[in-house]
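So that you can tell them apart, the chains are marked A, B, C, D and E in the order they are listed, and the count of residues begins at 1 in each.
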Amino acid sequence: MKVRRMLPSGALIALLSLMLIYSREFEIFMYDIFETKTQTGSRTPLLVLFTEHLKMVVVSGVIAVALGLAIGIFISSGYGREYRDAFEEIISLGQAFPSAALLALVVPVVGYGSEGALIALVIYALMPIVYNTYAGLTGVDPDCIEAARGMGMEDIRIFTKIRLPLAANVILAGIRTSLVINISAATLAAAVGAGGLGVLVVNGVKAFDPVLILEGAIPVSLMAVIADLVMKEIERKLSYS
Amino acid sequence: MVRKPEGTLLIFAAAGLASTLLLDFAQAKPNRILSGVGLGAFEFLGIYGGILVIAFAVIIVSSVQSDVKRRHLISGMAASAGIAALLLSVGPMASKALPPGTSPRISIAPGVYVTLLCLYIILGTSMRRLKGHRYLKYAFVMVAAAAAVFAVASGSLSDLSIMKEYQVKRSQFAGNLKTHLFLSFGSTLAAAVIAMPFGYLAYKKPGLEGKIMTPMAFFETIPSLSLFGILMVPLGYLGSIGIFKAMGVSGIGWAPAFIALTLYGLLPIARNTLAGFKNVDTGVVEAAEGMGMGKGGVLWKIELPLAFPVIFAGIRVALVQAIGGAVLAGLVGGGGLGSFVFLGLAEASSDLVLLGVMPIVLMTLLGDGLMKAVVKRLEIGGAI
Amino acid sequence: GSKSEEPAVKNQGDPITVGSFVDTEGGILGNIILLALEDKGYVIEDKVQFGTPDVHRNALLQAELDIGVDYTGNGQYYVEGYEESVWVKADSAYESIRTADEKNGLLWMTPAKANNTEAIAVTKDFSEKNSVKSLADLAAYINKGGEIKFITSQLFAEKEAGLLGIEKAYGFKFQPSQLVLLPHGNTAETLKALSEGRDGINAALAYATDGSLVDLGLVVLEDPMSIPPVYEPAPIVRKETADKYPEVKETLDTLFAGLSKEKLQEMNKKVIVDGASPKDVAEAYLKEAGILD
Amino acid sequence: MIRLEHVTKEYDGFKACDDVTFTVGKGEILVILGPSGCGKSTTLRLINRMVERTSGSIEVNGRNVDSVKGEELRRGIGYVIQNTGLFPHMRVDRNISTVPSILGWEQKRADDRVKEMLDLVGLDYERYSKKYPRELSGGEAQRVGVARALASDPDIVLMDEPFGAVDPINRLRLQKEFSQIQRKLHKTVVFVTHDVEEAMLLGDRICIMRQGKVVQIGTPEEIVLKPCDDFVESFFGAEGALKLLSRYRTADYMEDVPAEGESLLKDSSLKEALASMILEGKERVPVGGGSVSLASILGALRREVP
Amino acid sequence: MIRLEHVTKEYDGFKACDDVTFTVGKGEILVILGPSGCGKSTTLRLINRMVERTSGSIEVNGRNVDSVKGEELRRGIGYVIQNTGLFPHMRVDRNISTVPSILGWEQKRADDRVKEMLDLVGLDYERYSKKYPRELSGGEAQRVGVARALASDPDIVLMDEPFGAVDPINRLRLQKEFSQIQRKLHKTVVFVTHDVEEAMLLGDRICIMRQGKVVQIGTPEEIVLKPCDDFVESFFGAEGALKLLSRYRTADYMEDVPAEGESLLKDSSLKEALASMILEGKERVPVGGGSVSLASILGALRREVP
């Protein structure tokens, strides 16, 4: 039963691994199909680009989760409630910047490479996490809180034993959304020299080369789908319903 | 009784003050691409920098004021005055600060943005808390807005680097703006036209829900740029066929961007359509049927009006997404404001990037705000 | 300009589409063509700075563009069956692409005598301090273990006729950590990064006609073995258009004759450094060259 | 007049309504009473063809319900449901005039009708006609629901737990008002409830259902006094008889004998009179000009059911 | 024992609780009754310091409530709320053992306690202890709520409309069960409701509140017989006396006189006996070995309230 649930994500991970290992063969095969000739001898192997991509996603994801949880918890607590609107405004302002534009603007300030991309990605990933953390924590049935308080639980205990477990699936859903967005958005990081699978996509688009595009897009999509499935599984595990 | 100070006012006024005192407000560059010397608020704005400092100081003092109404009145006034002073002084001061040379540039530096952001949040906070004082509230906004409009319209900003970029790109600007609007609004409209019936179908036939939603969710996992790129192949092929060619379809240009943006818009709209219909109280539908309304009557008079606020919220999400996504059209020859962004990126000119980004951000905020207001209206109109 | 008399429109209802690469030089060269043809009385659809080289190329092939601007050396990507060596000589490069593209219905007009080839630039200070003047010097410097960080386009870094060839020919190798790869080939960004020494960058991809080299205090390293191909810009016109409007073809064929490497550098500088409009710069050139009055 | 004959409704072999037969006379209120899931709502909805029966026949006013289209049939039958089902996006007046406007009444006539209906259910036109449903209290919303069902003046009204969602105090008031309205209008009503007191108070006859089947139909007295089985008996509990007393008005039991104490209204029920006696510890309480005696209360059931 | 003296709670100048004074004796149930928003819940929550009073003093078991930390105070007081507030992510057993585990009971003892408590409220340990709250019916959930409040065996229990969300039939059963439990455990209970029947059935004394103020405190009889004003009177309506009858057991009114007919249980109430008389039209009904007469019912109130 458990095995069956893990089957889809397992299969996708296997597919992804195959693609990473046999990237050259894949490329040759695809060029045959599209009957185009390769224009660039790839200097960076797919695996390296993949690792860069993964690193970017993981690092920005971890920062975003930590920051997002902190902000979400803060603004849903009694102390931070008054800052809620301000935070919301700042974050929605950040969201108004298209990801590509955000990257373009961060670079002059931070410089080339992954730092700029990371900042932009963190800003992007933040919103769903903050939003869901807030919604999850404040959405807990007030009767439960009332009962917990009435039983003599302290605030900390109410938070860890009642609020957090009850909000967990909403928070995790936020993290899942942001992770999927992030995997996809990290593709653009190539535009500022941060590497990752976006290098193939951006070059492919510029060079009108479907093989390059697919070589970049397929692993990215697989990553996104896998992340989605795995996170859903975690959500299922951690939520009571 | 001394009240707790207003945290939001206090913190953002302090942040604004810090940015005024510490951050660069402008960059004086010898030419378009070289970095230049940073100018602080006082070096750049002179006496107007002082006004900003005073405004923040006033806000800090008023945030500990005991009378809640008064503290927001004063803060709101100070914030809108600060915004006006900043916006009105930036242009003329830029003309003064231009360094010597054949083609010197003055670029706005982060300090201005941070300061504006702080003032904006303070203004927003005060307005929210000033319930009831309708006219006063709007007066504050009007002052700030009028200052912005005047600064742009009077041409006082013409010595700013971004306006010089605009001068050069003037002939393309309107076209790119139009393309961007077409791409984002057009694709959202197309997505709505396609997704709403599908959402309704998923509602009527719960068995189909998975079959309809899963493919839409799949598009969402494909990185936007890849989708643009992948679409170029079949579209390039289509574009060689007569009718499509006549329609202007081709592997490059607006078509792949338009289609990709439409595909991305499907999920939020379909999902919200489904949720909107599901949300309609079954009792209400039953009552309508029980009164002898036909199927069409129930759909158009009851279900749709009741589901619409939720559907519209989905359209809002799709639109905001499309406005941002349309930037990438600039990369596949689709035009739009993204062309400026990518050209700016390529020419290492952040002012050119900004020339593309600013209208997009404004468009997003305006579109979002407008649609939010509409949703609110729809709800107040009795739907929820 | 003084528009005393409007010449009669010669292509009523059938505008000619002119496009070019989406980069600085594309803006200038595209506008030169556009203005010259307008002056002759043609209605032009302005697609200057249309897209990346490949998008531009496809647009020409699909008749999305009637006229474009491309570089001879790019022939290596467009046509097969030629030795790599033909692309490193100006004449053979032009001849090869001209004859090859005739079959595709694209006519290459006479190119400018300005080789806008890819090169590696360093700061003047760096060059003097480490006495690195040529690629051979650079190879020696790197092989000695000297500090280096090279910012370049991905494309240049990954092709045989680019960095891979140079590395082979001069006998050195950049480590991945010594490279900053950009997905686009516009050098404004690379040169700016180099001149400001951002992120420890001390070498950058440059094009020979880049206008900002002098202003930024940069020098191009010599390439005695001439590894990257010759890139001379030339107008390209579709055969149908040329047949329909022979005057257009004539005009284009001589249009780039007066463009030297130095002239291009100067014009590029005006646009990219001084922020002038490419159209103004193009107009000024045409007037100076006596093509416009 | 409504007549169901051997009506059955199956859902995938499960009989939600099983061979139901009954007749509701003109101007009569038939209350369908039964535990949750016994098929009350289904029976009701079979009548206006919101649910199509599997077998059997249904006549409304002498005509087979299949002789007209479902929608048309429903337009001629008032329908009130538990949570009022008011359209939240329409103001009270438009809610009430929904059926009139489907029927194509002209504006003026529909408007007048709204006024009349609000009057009937005791809501002020000026104050309520322009409100949205969410601005109404539960009791007010329920009144509007009734007004809406009556707007096109249908002969027949179906009510599915119409007062189920209202709090007990308001509920009693609504029930009494509904009684009064009915006394004026003489509609033919099928009324679904699972509240025994309500059934007792409103029903001319009560139809008790269980698992899709009709167990017993009769006047409240018949059912309390001669329950056909334990199930029916359990429904009214030990206090069934007291509940019946709430149906009888003191006016009908008044004797011309003087009595001391505070006088009850003629309109009050025997149950109230009994309570008053217990409170005072007296065997006779004054009502209007005369009085009611404990003895006559004790004999009431026998008098009502000879 | 609970004692409130001149307790007031202000919200921004609005007095939710206004000069409330009362005492609840050990083992007594005090029911607080009043319309919505009158301050019932606030009063209750002042006792366990979920809400801090503005002025006045509160003692619980002889100690000022301020002498311990709020949390500790609450651990010693059972608390049941309307919608049970069961923790949806914990199984029934963990819900019940929440306070014991906060108090650091060892596992074994807590487990035993869960078993005992489920037993007390009539739920089978095997069947229910591992269920999640969402798998329970409304009535079952309410029992678990009560079990949870009693788990640490507090002297004092506060109940805020504990049966408000349960349907009428189950409600009556729960009320009766609660009566029985109370007869065993003798907790000191403050019970909030706005249901008059419930107040009547459960309250040793009833405290009627209005707009934050206590209007009247007394036994149900005192309040029905000597309402201090119209407001209190209106609460019980014309049938107040009949409701009181449901408090008295026939056993206490039995005479050694034989009577014919079906015999009532000794446990049944006078109200049931009265209903039976009306049904039969007789002045005397058999109960257990003897019988109850109409006359003694008529005299009951006078006997209970001398």
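The definition used in the following text is that a contact is a pair of C-beta atoms (placed from the backbone, for glycine too) under 8 Å apart; a residue touches a chain by one contact, two chains touch by 3 or more.
Just so it is clear, the structure is predicted and the values come from calculations on it, not from any experiment.
Q: Chains in contact with subunit C and with subunit D: which ones?
A: B
Q: Quick one: which chains contact subunit A and subunit D both?
A: Common contact partners of subunit A and subunit D, which must touch each of the two, are B, E.
Q: Which chain maximises the distance between its CA centroid and that of subunit A?
A: When every chain centre is compared against subunit A, the largest gap points to D.
Q: Approximately how many whole Å separate the CA-defined centres of subunit B and subunit E?
A: 58
Q: Measuring centre to centre with CA averages, how many angstrom lie between subunit C and subunit E?
A: 90
Q: Taking each chain's centre as the mean position of its Cα atoms, how many Å separate subunit B from subunit C?
A: Distance between chain centres: 37 Å.
Q: Taking the mean of the CA coordinates per chain, how far is subunit A from subunit E in Å?
A: Using C-alpha averages as centres, the distance is 53 Å.
Q: Could you check subunit D for residues that touch two or more other chains and list them?
A: none
Q: Where in subunit B do residues touch two or more other chains at once?
A: Within subunit B, residues 251, 331-332, 342, 345, 348 contact more than one other chain.
Q: For subunit C, jot down the residues that touch at least 2 other chains.
A: Subunit C, residues with two or more chain partners: 52, 55, 58, 184, 193.
Q: I'd like to see which chains touch which, written out pair by pair.
A: A-B, A-C, A-E, B-C, B-D, D-E
Q: Using the touch rule from the top, collect the residues of subunit A that touch subunit E in their complex.
A: Subunit A reaches subunit E through residues 141, 143-144, 146-154, 157, 162, 165-166, 239-241.
Q: Which residues of subunit B touch subunit D once you look at their complex with the stated criterion?
A: Within the complex, subunit B contacts subunit D at residues 281, 283-284, 286-294, 297, 302, 305-306, 381-384.
Q: Please give the residue numbers of subunit E that touch subunit A in the complex, ascending.
A: 48, 50, 70-76, 79, 81-90, 98-99, 102, 132, 134, 148, 158
Q: Touching subunit C in the complex: which residues of subunit B?
A: Touch residues, subunit B against subunit C: 31-35, 102-103, 105, 161, 164-165, 167-168, 171, 236, 239-240, 250-253, 331-333, 339, 342-343, 345-349.
Q: Touching residues of subunit C toward subunit B in the complex: what are they?
A: Residues of subunit C touching subunit B: 22-24, 46, 49-52, 55, 58-59, 62, 64, 184, 186, 188-189, 191-193, 195-196, 212, 215-216, 272-279.
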